[in-house]
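Each of the next two complexes has subunit A plus one more chain, namely subunit B in the first and subunit C in the second.
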Partner chain A sequence: MKNLKQTIFYYLKVYEKFVSTSISVGVSFRTSFTLLLLMDLFFYFSTLLSVNFIYDHIQMIGPWDKNHLLFFISFMLGIDHLHMTLVSESFWELSHSIRTGDLDFALIKPANSVFSVFFRYFRPSTIINIFVVWTFIIYYGIQVKLEPLSWVLLPFLMFLGFFLFVVIEFNIAASMFWLKEGLGINFLRMQLQQLARWPNFIYASIARKFLTVCLPILLVGSGPIHFLYDYGKWPLILSMVAASIVFLFILKFVWRSALRHYNSASS
Partner chain B sequence: MKKTVIYSQKLEKKFTSYKKEPGLLGSLKSLFVRNYITKKAVKDFNLDIKQGEIIGLLGPNGAGKTTLMKMFTGIVVPSEGTLKILGYTPSERDRLFRKKIALVMGQKSQLWWDIPAMDSFLLLQRFYEIEESQFQKRIKTMSELLDVDDLLHIHVRKLSLGERMKMELMASLIHSPEIIFLDEPTIGLDLISQENIRNFIKEYHQKNKCTIIVTSHYMADVQALCERLVLIFDGEKTFDGPLSKFETILGKEKNVTFNFSSPQDPTLDLWSSFEAQWDSHKIQVDLRIPEDKLRSVALNIIKDFPVTEFNTEKMPIERVMKTLMKNPQIVKQLNGNNGPHELNGRN
Partner chain C sequence: MGHALKWWQTIKISWSNHTAYRMNFFLQVIGPALVFFFVKYNLWSSIYSDESVEIIKGYTLSQMIDYHVWAMIVGLLAKGHSALNLSEDIRLGRISNFLIYPFNFWEFHTASFLSFQILQTIIVSISICIFWSLGILSIPSASILMSGFLYCLFVSCFWYTLQYLTGLVGFWLEETWILRVILEILTAFLSGAIIPLELYPKWFVSILEWTPFPYLTYFPIKTFMGQNSELIASYSVVTIWIIIFCFINHIIWKRGIKLYTGAGM
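So, the complex of A and B:
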């Protein structure tokens, strides 16, 4: 227990420096910093307005009305916000550092290499938008009349959804060690993100089953929201926990194998 | 008896790549059919390095030096053989092992380009769990030694190559590693910066008694820092012994330079006997003269030609290397003639 506490404390202290160095870098390019901030806002508003527009012409999509779906979309924007802030940049850096050999230095640091590789780049411009994202979540949460317990559970479920999604992505990204070029893999990740941004009931039966059981990205958003609307759907949350553990376990082997395959670029 | 800190037995590393035919057609072809080739970058490599030694690892480009360094640090996993560093198997990537080693690569940077070096050092302080007082002390000592105390808060991208390399060294040594791997630490630097870096490494080694492995293209690095030299050609160890022994590989010949007051005729028979190398004005010549003939030949030249200056030196290590690179069989022949224990005593 003492060891676990020490380990958590160690990683938090290192992460604090990841954040502060990323902020130092981020704010030194002011135009880029502002543009990224604005582009994120543009993405959030355009996503919500698209759904709003669809509901100008129809009453329901599946079992959900406009507010139900907008709350779902806001929840997914919350996960996307976490993703963009905490890990997104690292995925793009990974293939570059594999090809150039810059990864070498990350691998000799005395910390878990998954942590050093995927949490190294924090995006400070995105974190500012947290207020905007949570304003949407709270607004549409009130519209769908979330119960008090749901409000308490909401941040934890969002974290669980984020965790499940990034663990799946870590497994996919590990393939860059074999493929070297990561553009295709990164576009695959982005497509999976797109699929997860819509509720599970819009997909046909086979696709839904595949994306819930084999590659459970539909659990990321649909699992928590279905549960928040109806506590009887708690098995979905249990499935998310189980899927997270399974993919974490797979990652352990995939990552070890990826590191063994890493040849580093010639100098 | 000092303990062994680096031990390798029959170490081997294979890399697979494919040959691509040039041009668009070659590119399209490679999309469907690839001609894979496997190359052994390191072959049957045995090494035994004791605590506190400072070793030079020499060899031409592509000889396998960097691959060895990467295997030693656990970045690359060996294909075959045994490798133990400080009792650890590097490829297992034990956290304690990684805390005890450091790697400096002259052609790659571990510092963040867009922030001052000090910010990167602070991050490393967290990684290596260095106490604040120790951290401050080490920063002060090293920055004074390297004369960079006023550069610590400048963005790394604004530093010169030499200044950046000094910062790289600081970053790698901040946790007081037991073994330091320096992969071409002076590459691309001007002569003064090279010397500064060498002096720092030398002083650091004397103070800290750590083990250092240096690879370099500059013989001056090896001559200034190392007593023991390991030569690697095409992935194989071809020489392992004292630097002094390496310098005598090509025989007991002296390099003598004569300067003349007027241009001389380079076609004379005399010059051809001693592998003469003339300057463009024909007023300076470098000769290789066997030690036993040095006195008589030098006297004759001074007597018969308008010599203004002359000096002798041992066979420069650069020339030894050049000759060996052209004729790697020389070392093999010598190993064969003298027996592996004389030249290859640590094999």
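So, the complex of A and C:
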């Protein structure tokens, strides 16, 4: 128990260093800092407005009305915000560092390599947008009349969705080690995000089953939101936990195999 | 003749670069367009599955699917990716070579753009055949198809000038990919790539008509669907915007090159 506590403390200290160096770099390029902030804002508003415009002509999409879907979209923007702040940049750096051999510097660090590769870069500019994202979540949460318990569970479910999604992404990103140019894998990841941004019921039966059972990205947002609307759908949350464990387990083997395949271009 | 040969050789080299990593090319260029269409196909199928919904702003389900297949085709054909390395060339000092080569920076990237467009034209032609054979897309007459292709290729020149501009900002900015992504987000939303412009509020569309955005996706789609009655006006507007952005690019290049330090020399 004491050992676990020490390990957590050690990783928190390392992460604190990662964050502080990322902030130093981030604020050095002020124009990029501002543009990143604007980029996210444009994305949030264009996504929400598109859904709004569709609902100007229809009443329902599947079982959901406008506010239900906009709450779902806001929830997914929340996960996207966490993703952009905490891990997004590391994925892009990974494809570059494998190609150039810079990954050596991450691998020799006295820490778990998954941690030092995927949590190395933090985006300080996007953290500011947390107020915008949570304003949307709270506003649409009130519109759909979320119960008090749902408000309490909301941050935990968002973290669970984020965790499941990044574990799946870590597995996919590991395939970069087998490719000469891994940039395309990042585009594949982005397409999975695109698929997860819509509720599971819009997809046709086979696609829905595949994206829920085999590659469970539809659980990321649809699982928590269906549960928040109807507590009877708790098996979805159980499925998310089970999927996270399974993909974490797969990652252990995939990552080990990927590192064995890494030939360190610089050495 | 000698200069034409340089263009031809550069186009060939660029073709090899584009097709060297095929998996990467598929995931980076074709994959996103396919997934974007897949999401929209499912979304609109789900919307129209409601019995009370038959026509939305003049679109039946099959017309809406047609619109989105053409949106994908226009995205592939008109939205180039060839200027992506431009800012990197500036930042890493690679344009020093072009300053002494008998083939300048602008010519090199334009030749690369042409090679990309040839590749995309082949991919798009195959895609149209596949969608048609699957019964997802209704093919217009040959003249409409040709007209759509030509207009899209013309629009791609405008996209190229826009991307060239975002690349040239590399003289001042460390990272220009953010500008490119902002441009893509704005264009996807304002050009009718996500939903047809008929579904937008009227006041919003009347503002958009003063911008180049509808000419990047909405009008090319309507041309493919044989519904663009303002084709000459569309060409004229795009021509004006191309001239404006060529002029801006020229000014920016002249100012930027004075700041160029030739990193790594």
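Heads up, the rule we're going with is that the second predicted complex is superposed on the first by the 264 of 267 C-alpha atoms of A that agree within 3 Å, B and C clash if a C-alpha of one lies under 4 Å from a C-alpha of the other, contacts with A are read in each partner's own complex, and residues count from 1 in each chain.
Here is the rule we go by: a residue touches a chain if its C-beta (ideal position, glycine included) is under 8 Å from a C-beta of that chain, and two chains touch if they have at least 3 such contacts.
Every value quoted in this text rests on a predicted model; they were computed, and no experiment measured them.
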In the superposition on subunit A, see if there is space for subunit B and subunit C together, and answer fit or clash.
-> fit
Report for A:Pro235: first if it touches subunit B alone, second if subunit C alone, otherwise both or neither.
-> neither
Could you say whether A:Ala204 touches subunit B, subunit C, both of them, or neither, answering first, second, both or neither?
-> second
Check whether A:Arg260 is in contact with subunit B, with subunit C, with both or with neither, and answer first, second, both or neither.
-> first
Touch count on subunit A, higher of subunit B and subunit C | C
Could you look at A:Phe43 and tell me whether it touches subunit B, subunit C, both or neither (first, second, both, neither)?
-> second
Considering only touches as defined above, state whether A:Ile108 meets subunit B (first), subunit C (second), both or neither.
-> first
Determine, under the contact definition given at the top, whether A:Lys180 touches first (subunit B), second (subunit C), both, or neither.
-> second
With both complexes overlaid on chain A, what's the closest CA-to-CA approach of subunit B to subunit C, in Å?
-> 5
In subunit A, both subunit B and subunit C touch residues 29
Would you tell me which residues of subunit C are touching subunit A in their complex?
-> 21, 23-28, 31-32, 35-36, 38-39, 42-43, 45-47, 50, 52-53, 56-57, 172-175, 178-179, 181-182, 185-186, 188-189, 194-195, 199-201
Within the complex, which stretch of subunit B touches subunit A?
-> 15, 62, 66, 70, 73-77, 91, 93, 95-96, 98-99, 101, 103, 105-108, 110, 112, 114-115, 119-120, 122-123, 126-129, 155, 183-184
Once bound in the complex, which stretches of subunit A touch subunit B?
-> 10, 13-14, 16-18, 20-21, 24-25, 28-29, 100-102, 104-105, 107-111, 113, 259-260, 262-264, 266-267
Within the complex, which stretch of subunit A touches subunit C?
-> 29, 31-32, 35-36, 38-39, 42-43, 46, 49-50, 53-54, 56-62, 179-185, 187-188, 190-191, 194-195, 198, 201-204, 207
